[in-house]
Amino acid sequence: MEKTMQGQGKKFWIVVGLCVMVAVFLGTAVFSFGAEKKPIKIGFIAPSTGNWAQNGMDMADGFRVYLEEINYTVADRKIELIVEDEGESPATAVTKLRKLINQDKVDLVAGIWATNSAYALAPQCEAAKVPLVITLSAGDDLTQRKRSPYLARVTFTGCQLGHVAGDYAYSKLGWRKVVTVAMDYAWGWESVGAFQRLFEEMGGKVIQKTWTPVTTMDFGPYVSSLNKDADGVFEVVTGAASIRFLKVMKESGMMDKWKVLAPGTAVDETLLPGIGDNGIGVYSVFPWSWALNLPANEQFKEKVRKSIKREATGTMAMNYTGAEWIVRAIKAVGGEVENKEKFMQAVRSLEIKDSPRGALKLDPYGHVIDDIYIRRVEKVGGILQNSIVEKYPQVSQFWKYDPETYMKSPVYARDYPPCKFCQ
Amino acid sequence: MEFWINQTFNGLSYAALLFLLGGGFTLIFGVMKIANIAHGSFYLVGGYIGYTVVSLTGNFYLAILVACVVVAVMGMVMERLFLHKLGGQDLRQMLITMGIALFLQDLCLLIWGGNPLNLSVPSYLAGSLRVGKYYFPILRIFMLLGAPFLFLLLYWFQEMTKVGAMVRAAVDNMEMSEGLGINVPLVTLGVFGLGALLAGFGGVVGCAFMGIYPGLDFELLPFAFVVVIIGGMGSLQGALVGSIIVGLIDNFGKALFPELSYFTLFAPMAIVLALRPTGIFGKG
Amino acid sequence: MSDRLQSRKWVFFALFLGGALLVLSPPFLPTYVVILFAQSLTYAIAAMSLDLLIGYTGLGALGHIAYFAIGAYTTAIFASKYQASFAGTTFFSIVLAAGASALLGPLALRAAGVYFLMITLAIAMCIWGLAFRWVSVTGGDNGITGINRPDLGLPWPMNDAVYFYYFVFACFLICLILLFLIIRSPFGKTLVGIRDSESRMKVLGYNVWVHKYLAYIVAGAFAGFGGCLYAYFNGFVSPNDANLGHCMELVLMVTIGGPGTLVGATLGAFIIVFLKNMVSVYTKRWLMVLAAVYVVSALYAPDGMTGLFKRLQTRRGTPGGEND
C-alpha cells in the first residue's frame, strides 16, 4: 500500500511539474502572437528613480507629447511605447535593455539620459542588431570612433557643446584663464575636453581642472579650492547636483567674482525653480531654450502646456524632436521597421527644417547638425528663464575640424587634452 | 592660510551633519546591538517631512519639530513591531531593517516624486557672514554650533540623569538591568526613538544644506558606518570624534586628492579596524 | 526510519525535478527566461559560497559581494582591455578574489557577532568606493563595457542565450559538486561544529580561527568565480554590482533559500533574480515587494524555503501516524 501511495505521489508531482512548464511556455508564446498589423514597439529608456528622476520624466513626457499629436499611429500601425527605468547607473539600464530586447522584442530603442549608460547600452544594441536612436544622452564616441550603422543621435554631445563654449568664452566673454569643475564621468570629461581644446587653440589657458564624483553632496571643498587667478569657470554639473553647486558658488562669493559657463543641462528649465536666484547670470550652451523665439517653438510650448500642464523644458524639447525624427523615418519606410537597415538609412537621411529648435539634419556619422544657442539665466516677468544671447548656426560635432583627422586623436577623456597650464 | 580655514570650516560643518546621522546610529547600536540599515531612510523621511512643513507653513523650527516627532514615532513603531521579538538575532534584524529601508525609500518616491527638493530656510539663516575675505554661510555656522550643543545635551542626559543611567545599565548588561527592575523594553524603545529622532533632525538640516532626493539614504549610509566604526559603536563621544575626523578627512581629501575621494574616507576606517576594531571609544 | 527515508525521497525528488527543469527546459523556454536562468546561476555560485559561511560556519559575512565584484571586475578588465582567454580570466578572477579575502579576512575576523556583520559590510563599501573612484582602472561610474562572451573553441556560439546558459550551468554544476565535497569532508564537518558551538570546538582542540579563515578564503574564491561568469553574462560591470543593495540581496538569497543547504542558496538566487526582473513588469512598486520579502522571510521563515518545506513535512508526517 505504501509503495502505491508513494508512486501516486511521485506521479502527481511529475504531472504538476510538466503542467507548469507547459503553462509557462504557452503563456509567453501566446503573448507574442500579434494582431493583424503588429504595433511598432519602441523601447524607451529614461531614469525614473534617483538623482536624474525628474529629467527622465521630462524625457518621457516630451517624447509622448509628439506621439499624442499623431495619435500613436504612423503608416497604419499603432505605436506601443514601453518605458523602462534607466536608474541611476548604467547597470540598471543594461538590465532593462535586456528585457526590452529579449522579452518585449522592441523594434527600436530610444531615449537614454546618462552618457555612461549610453556607452554601456550601445554595444549591446549593436550586438542584438536593434536600432538605437538616442534622444538625449551624449557620449562623443558613439557617433565618432565607435559609430555604428544601428545608432543615430538627434540631440547633442559634450564635444559639440564644449567647442561652442570654448569659442564663446574666448571671443565673446573675453576669458583668457579658466578653471573647470566637472562631474567625474564621460559627460564631464568630454565637455571639458572639447572646451579646453578649442579654448587653448585660440590662445586661452585652462589653469585648473577639478573632477567631482557624480554623487557629490557637498561642493564646498571643491569650490573653495578653486584657483582664484582665473577669469571664469566652466562647469559641468548636472541634475540635482547643479542646484547644490550653484548654491555653494553663490554662498562662497564666487558668483560675484566670476561668470559661470556651462552646458545647458546645468540650468535646464526643470532645475531653474530649484536653483532660484542663485542661477542668475549663468551662461549656458544648448540647442534650445524655452525663450527661443520661433513659431514652431511657440506651438511646441503650447502643446506641452495642453498635454501635461507644465512649461516645456530643454529635456522635453530634445525628446520631442527625437520622437518626431523617429516617426518621420518610420513614415519614410512605409512603416516597415522590421527592415532595420532600410529604417536606419531613412533615419540618417532625414532633415527637419522647422523643428522647435530650428533646422536639423544628421551628419554621415549619425549625429545631428543643428543650431546651438548661448543663453543667460535672467528673471523676466518674475520667472527665471534662459534668455538667448547668441546663436551658432548649424554646428557639427566636429566643429570646424576635418572629421577623419579629428578622429585620429583620442576621444576627450579625463586626461585628454592634458592640462599643460595647470598650476 | 585661506585654504586651511575654509576647508576646516567646511569640514566641521559637514561633521555636524554626520554627527546627527552617526549619533543616532551609534545609540541604536549601543543599546540594541542592531546595525540599523534603515537609518538613512529615517534621515530621508525627516528631510522630506521637513520640506513639506516648510512649504506649507514657512516655519523652519516647526518643520524640525514635526520631522523629529514623526521619525521618532516611526522608529519606535519599527522597533516594537519588527525588531523587538528578534533580540540577539543579528542577521535577521539587519535583513528586516534593510526591508524597511527599501519600503521607506519607495514610499518617499511615491509621495514626493523623483525630483530633488530643496528646503528654503528663513532669510536670516540663508546668506553668508562676511569676515574679511572669508564667506561663512550662516546655515553652516548654525550647524557648527548646533551639533556640539546637542552633543552636550545628550551627554548630560546619558551621564547625569537617572534615565540616562538606566540606558547605560541596559547597554552594559541587559539581563542584570531587568533583574534590577529597569523596564528594559521601554528603554530600548525610547533609545530607538531617540536615535531615529536625531536622524530625522539631521534630515531637515541636511535638506536645507544640500537638498534631498531619492537614493540619498543609501548614499549617506556608508558615512554613518564609517563614523561609527571609527568612533566606536555605542559611544556618543565616539560619534562626535568620528564625525569630526570623517568630516575633516573627507573635505581635505576632496580638496587635496580629488581622485581618491572615497578612499581617503575609507582608509582611516580600515586603519582603525586593523588596530582597534571596536573603534576609538568603543567598549571592547 | 521510514519517515526519514520518506522525507529523503521527497528531497531527492525535488532536486531531481529542479535539475530536470534546469537541464531540459531551456531550449523550449522564451529567450528572456533562459537569460534570467543564466543570471540566476552566476549569483547562485556566489550565494552558495556565502552559504558556506553563513549556513555552515556561522559567519554572517554581509559584505561577501565584494569578492564577487572583484572577480567580475578582474574578468571585465582582462577580457575587454587585454582580450584574455576564458582560462586567463577565470584564473585571475579566482586568484584575486581569494587573495583579497585572504588579505581582508584577518581584519574582519577580529570581530564577532554583529560587529563582524558591520565590519564585513564596511569592507564591501570600501571595495565599492574603490571601484567608484579608481577611475583609471575601473572606469569609475562608467563601468567597463565591451566584455565579449568567451571563445571556448566550441562549435556553439556563446552569444546565443541557450548555449551560453548551458556553459554557465556546467560551471555551476562543477562549483556545486566541489562545494558539496568540501562540506562532506572533515574540514566541512569541523565548520559545522564551529557553527554549532565555537567554545566546544576550541576545547576539543580545533584551531577555530584557522578554520574560519580558510572557509573565508574558499568562499571568496568561489564568489570570485561567480563574478567572472557574471561579467561575461552581463557584458558590463560597474560599481553598482557591489553596492549596499546587492550586498544585502546576496544575503537574502541565502536566507530565503535556506541557510545550510547549498541548494537553498541556489533556489534563493533564482527567486531573487526572477523577483527583481519580473515584478517590475506588473507594478512600479516592486521595491516594496522586495521589501516585503525581506521582512516576511526574516520574521517568519528564517530557515528559508527549504526550512519551511521541512517544517511542513514534519507537521504532516508525525511518527507512526501516516504509514499504514
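Should a chain be cited, it is by its letter among A, B and C, assigned in written order, with residues numbered from 1 in that chain.
Here is the rule we go by: a contact is a pair of C-beta atoms (placed from the backbone, for glycine too) under 8 Å apart; a residue touches a chain by one contact, two chains touch by 3 or more.
From a predicted model like this one, the values you see are computed outputs, not experimental measurements.
Colleague: Measuring centre to centre with C-alpha atoms, which chain is farthest from subunit C?
Modeller: A
Colleague: Sort out for me whether A-C or B-C is joined by the greater number of C-beta contact pairs.
Modeller: B-C
Colleague: So, what's the distance in Å between the C-alpha centres of subunit C and subunit A?
Modeller: So the centre of subunit A lies 36 Å away from the centre of subunit C.
Colleague: Per the centroid of Cα atoms for each chain, what is the distance between subunit B and subunit C, given in Å?
Modeller: Distance between chain centres, rounded to whole Å: 32 Å.
Colleague: Going by the contact rule already set, what residues in subunit C reach two or more other chains?
Modeller: 132-133, 135
Colleague: Note the residues in subunit B that touch 2 or more other chains, in rising order.
Modeller: 259, 261-262
Colleague: Subunit A: which residues touch two or more other chains?
Modeller: Subunit A, residues with two or more chain partners: 213.
Colleague: Which subunit A residues qualify as touching subunit C in the complex?
Modeller: Those residues of subunit A that touch subunit C are 1-2, 6, 10, 13-14, 17, 21, 24-25, 28-29, 85, 89-92, 94-95, 98-99, 102-103, 116, 119-120, 123-124, 127, 184-186, 213-214, 414.
Colleague: Under the touch definition given earlier, write down the residues of subunit C that touch subunit B in their complex.
Modeller: Answer in residue numbers: 54, 60, 62, 107, 110-111, 113-115, 117-119, 121-122, 125-126, 128-130, 132-135, 243-245, 248, 251-252, 255, 285, 287-288, 290-295, 297-299, 302.
Colleague: Taking the complex as given, what residues does subunit B use to touch subunit C?
Modeller: So the residues of subunit B touching subunit C come out as 29, 33-35, 37, 82, 85-86, 89-96, 98-103, 105-107, 110, 218, 221-222, 225-226, 228-229, 233, 259-263, 265-266, 269-270, 273-274, 277-278.
Colleague: Give every residue of subunit C touching subunit A within the complex, in rising order.
Modeller: Per the stated touch rule, the residues are 2, 6, 9, 13, 17, 20-21, 25, 28-33, 35, 132-133, 135-136, 140-143, 145-146, 159, 161, 234-236, 238-241, 277, 280-281, 323-324.
Colleague: Flag every residue of subunit B that touches subunit A in the complex, lowest number first.
Modeller: 3, 6-7, 10-11, 13-14, 109, 113-118, 127-128, 130, 135, 137, 209-211, 213-216, 219-220, 250-252, 254-256, 258-259, 261-262
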